[in-house]
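Two complexes, one shared chain (chain A), two partners (chain B, chain C).
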Partner chain A sequence: MAKISSALFDIGYIDTLSRQNSLIHGIDTRVKVLTTLVFLITIVSFKTHEISSLFPFFIYPVFLIILADLPFSYFVRKIIIVSPFAVLIGILNPFIDQTIVLYIGKIGISGGLISFFNILLRFILTVLSALILVATSGFNNICIALEKLYVPKMLVIQLLFIYRYLFVLIKEASQMSKGRKLRTFNGKGMGIKVYASLIGHLLLRALNRAQRIHMAMLSRGFDGEIRTASNMKFDKKSFLFFILWSIVFLIMRIYNLPQIVGYFVVIILK
Partner chain B sequence: MHMADALISPSVGCSMLAVTGAVILYSSKKIKEEFDDSRIPLMGVLGAFVFAAQMINFTIPLTGSSGHIGGGILLAILIGPYSAFLTITSILTIQALLFADGGILALGCNIFNLGFLPCFVSYPFVYKNIVKEGSSKTKIFTGATIASVLGLQLGALGVVLETVFSEISILPFDKFLILMLPIHLAIGIVEGLVTATIVTFILNAKPDINAYSYAPSVKKNIFAIFIVAALFTAGFFSWFASSLPDGLEWSISNVTVKEEISSKEEKIYSSLSNLQEKTSFFPDYNFKNDKEQGNIGTSVAGLIGVSITFITIALISLILKKLKDG
Partner chain C sequence: MSHHIIEVNDLHYTYPDGTSALSGISFRITHGESVAIVGANAAGKSTLLLHLNGFITPNIGKIRIGDFSLTKKTLPMIRRTLGMVFQDPDDQLFMPTIYDDVAFGPINLGLSKEDVHNKVLDALSSVGILHLKDRPPYRLSGGERRAAAIATVIAMSPDILVMDEPTSNLDPKSRRNLIELLKTFKHTKIIATHDLDMAVDLCERVIVMHNGKIVADGSIMEIFQNDSILFSSHLEKPLRMQGCPKCQNSFIEK
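Up next is the complex of A and B:
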């Protein structure tokens, strides 16, 4: 139950974050979607034994979080919540590959450990960029941007519809779940039979709601076409945002900046 | 079992996006042709329903742990495979964007595992074969259960294949399979029973429910899409699994003029052993060799470099903050 209401709060919260006014919020959503894609592909294209070259990429999320006035702690919490699957699969690497490939001082580091850290870094970076995209653009804007980027309209309308009724149905589900919980003792009554009829009733209500919504839409002149309004403007600022970040990503992908800087320092020190 | 971006390679992610993208296009065309306007709010509200239903848990008998439904088969039975597929696609997209549950690049993989496989493989080839016009309740119950179990097994297999082909996790195929399939068999049986119970409940409460799933000439088309998509995936996969470097790697290796050994495994191992050679004498050896640059401790340089990167990013963020506030 705590899970349901916190999920509801979470969606509401990310929506609130997206309604701010900042330099980043003002950039064309299409551009932000594309930049995020470039970022993701760049990160994902790294080999599994690279660690140091991934660090410079933190500049992108950090830059956006600061300029867009987003709370750091929120993202940390989110990353921890969603991490289990990736971490579970990644954590097996150190056990499978135990060849020592690197020494730091006297401590040997295995190839598996390196690839595990690599997966962790990838995970943090990719999740951060996706969350920041929504927190700086808003879900509705992203949907409209997707439509402008030639995603089938049927899917975009579905996304908008589900998002609209998510709040309504989650609230209903949370009330039903609360009602069930108040009537159960020692876990009795939480089983499949009660659950199935609970979900069944939720489903019946949803079907009736869909019918009512359709009638309401018809009475307001719905002709099968849903029109989306947007004020997206592809201005100079947005253009620069995309070009500059793409160049930065490319440079950071081709050159291992920390390694190069490190070499220089070592040479100078000697 | 949502795939994360961190676990897939760009080639697997992009090819799966392409395949599912084609199925999305085809499905939306089909829905526009064969259904009326009422389908739009119906799919939307049912999508929100699955979302909400996934948040209510039930106690799994004997174990005391809790589970929830996946919804793919349930939707396919209720509103037909095309609408169900698009609805699941939307749900997964929203989960990826709002909850960071499953990655954006991995969306293609997730849509394939949790949407395509149950809606276009498990539903038409299993459920539809068991349940015919006027089938008994028992038959419907059996069909829904088996279809759910198979859907989840296929999905788990999909996760394994996509992970192994991505070569990020180094789990070997057979071990990963042994890890994933039994767990998802257990989950699948419970989920299947629950789905079947919900389906029979709805059939009792609303016998006209079949009207929603009415879709003429579905089977042949599904088969065609499946063949095309399967060929696509197989083609893509075998191409990527071959020793050819993928597009991005290739272009980067061209830019940096770094010669790479063609076999991926060999490449990783040789570079790792190189690294080992370079660094294993650390710390006594490297610092004595002033003139030979190649022997500078890679790990030392790396550590120093990463620390400097950290400091730089921290400085930049401080400056940014000052600039913005001041």
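Up next is the complex of A and C:
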């Protein structure tokens, strides 16, 4: 269960990052959520054969990572960890679609290969922007921002609770699994039956805990509604952030910048 | 002030699965008293405390807190008067940050934003963890978490503090800090524990429970000298009341 524990550690790390002070951290979380949303919609709206026009979008994550003083290596590592999923999704494309659509020198590039890279790029951009959102705002603030943006309250509260008790649950799971490992020898007692009972126990514990938390909430005047004391301020800086990035995304969506730049370079060289 | 009186009369409770947890508990605690409820594991301490706050309804018996009998109607009132600190702080700290957690109760009471803010700061500084206010609960040590859980209760300004095994899972230093902290509280206190040394530090009176019954109720110094009571309820005399192995003198004379 070392894997679970280290996953726990890493969530804790991104939480630490979100507590820094920087220009980006200071921007209203609602604005960052909305900007990320615009970014994602733009990325998703690309067709599957476009590659070069996607590259300019890296300016957004790179810009934010630098301004928010976040460690590049962390994000690179995360991307490497999750990219097998994207590879899995796109890996068949090169075999399905083998029509050559482009030559680089003498090497023919098939449509399938292009759509494979397209999926990979879009995936990386999506994950990056989401990670950066969490690392510059914190998961809790994002939830509160969602609520302020009229996402149903019940949903937001559930997200908050899942995040809060994920840590407790992971701790309990890793303790139980440690207990099991210490008492198994030569692979005996590691079977599926033991696992089933472990999970059953975990579920029972979770239920009991939910009951106690509910009691704790009731004893502090809980009446079905969770109110938070946080106040978010929507200032000029945040407004500008949203407007400027939205314009940039739009321009990058409409114009294929690398192509235009290449065009001008060719003209100048002539 | 009859406000802080707790009166329990012939309480019986059996869990739905048939485990009999309480059989005939009666006592009366008056304003300003600090009472330890001691007993071995499964003696019924936690079950008793859950009754005081109305989380469990007794099969037989009556509970009065202050001027009210405990009924459905008086429940919200009683929960304000009686602040309960749970055994596991993780159950009590369910909000994103310590600040939000402590603010949860006062906000529900309908206080203004400013009053809530002041209450939170007061509560946090009274337990000495003001500097941790923006931390998430899972980023605190056991002792800090316990202090935070107490702050969430203090912020509701209860008259009576009820605590279930407050020193469990604490290292000696955190335990000592907690004891010193609890000494400063003027509330009526009920502390369920098997940390008898702490009980001696904080309480003048003790109620000893065994198998869902009260086997002794009275001055803590007298009862803890009574070996047969302690032995029959599976407890051990607090260390400092045991004779010094070298000089045979007890550390506390009485």
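Keep in mind that, in the parts below, the second predicted complex is superposed on the first by the 266 of 270 C-alpha atoms of A that agree within 3 Å, B and C clash if a C-alpha of one lies under 4 Å from a C-alpha of the other, contacts with A are read in each partner's own complex, and residues count from 1 in each chain.
Methods note: a contact is a pair of C-beta atoms (placed from the backbone, for glycine too) under 8 Å apart; a residue touches a chain by one contact, two chains touch by 3 or more.
From a predicted model like this one, the values you see are computed outputs, not experimental measurements.
By the touch criterion defined above, A:140 reaches chain C but does not reach chain B.
After overlaying the two complexes on the shared chain, residue contacts for A:227 are found with chain C alone; chain B is out of touch. In the superposed pair of complexes, A:209 makes contact with chain B and with chain C alike.
When both complexes are overlaid on chain A, the residue A:76 reaches neither chain B nor chain C. Applying the stated contact rule after C-alpha superposition, one finds that A:62 touches chain B and leaves chain C untouched. Shared-chain residue A:164: touches chain B and chain C both. Ranked by how many residues of chain A each touches, chain B and chain C are led by B. When both complexes are overlaid on chain A, the residue A:12 reaches chain C alone and has no touch with chain B. Look at A:217: by the touch rule set out above, it reaches both chain B and chain C.
Shared interface residues of chain A, touching chain B in one complex and chain C in the other, are 160-161, 163-165, 168, 209, 213, 217-218, 222-223, 226. Chain A meets chain C in the complex at residues 12, 15, 19, 140, 143-144, 160-161, 163-165, 167-168, 209, 212-213, 215-223, 226-230.
The touching residues of chain A, when paired with chain B in their complex, are 3-4, 7, 10-11, 14, 36-37, 40-41, 43-45, 47-49, 51-52, 55-56, 58-59, 62-63, 66-67, 78-79, 82, 85-86, 89-90, 92-93, 96-97, 99-105, 111-112, 115, 119-120, 122-123, 126-127, 130-131, 133-134, 139, 142, 152-155, 157-166, 168-170, 172-174, 176-177, 187, 190-200, 202-204, 206-207, 209-211, 213-214, 217-218, 222-224, 226, 253-254, 256-263, 265-267, 270.
Looking at the complex, you find that chain C touches chain A at residues 50, 53, 55, 76, 79-80, 83-84, 86, 88, 90-92, 94-97, 99-100, 103-105, 107-109, 113, 116-117, 120, 134, 136-139, 152-153, 156.
Chain B contributes residues 1-10, 13-14, 24-25, 27-28, 31-32, 37-38, 40-49, 51-53, 55-59, 61, 64, 66, 69, 78, 86-87, 89-91, 93-94, 96-101, 103-105, 163, 167-172, 190, 193-194, 197-198, 201-202, 205-206, 212, 248-249, 252, 255-256, 268, 271-273, 275-276, 279-280, 282-283, 287, 290, 293, 296-306, 308-310, 313, 316-317, 320-321, 324 to its touches with chain A in the complex.
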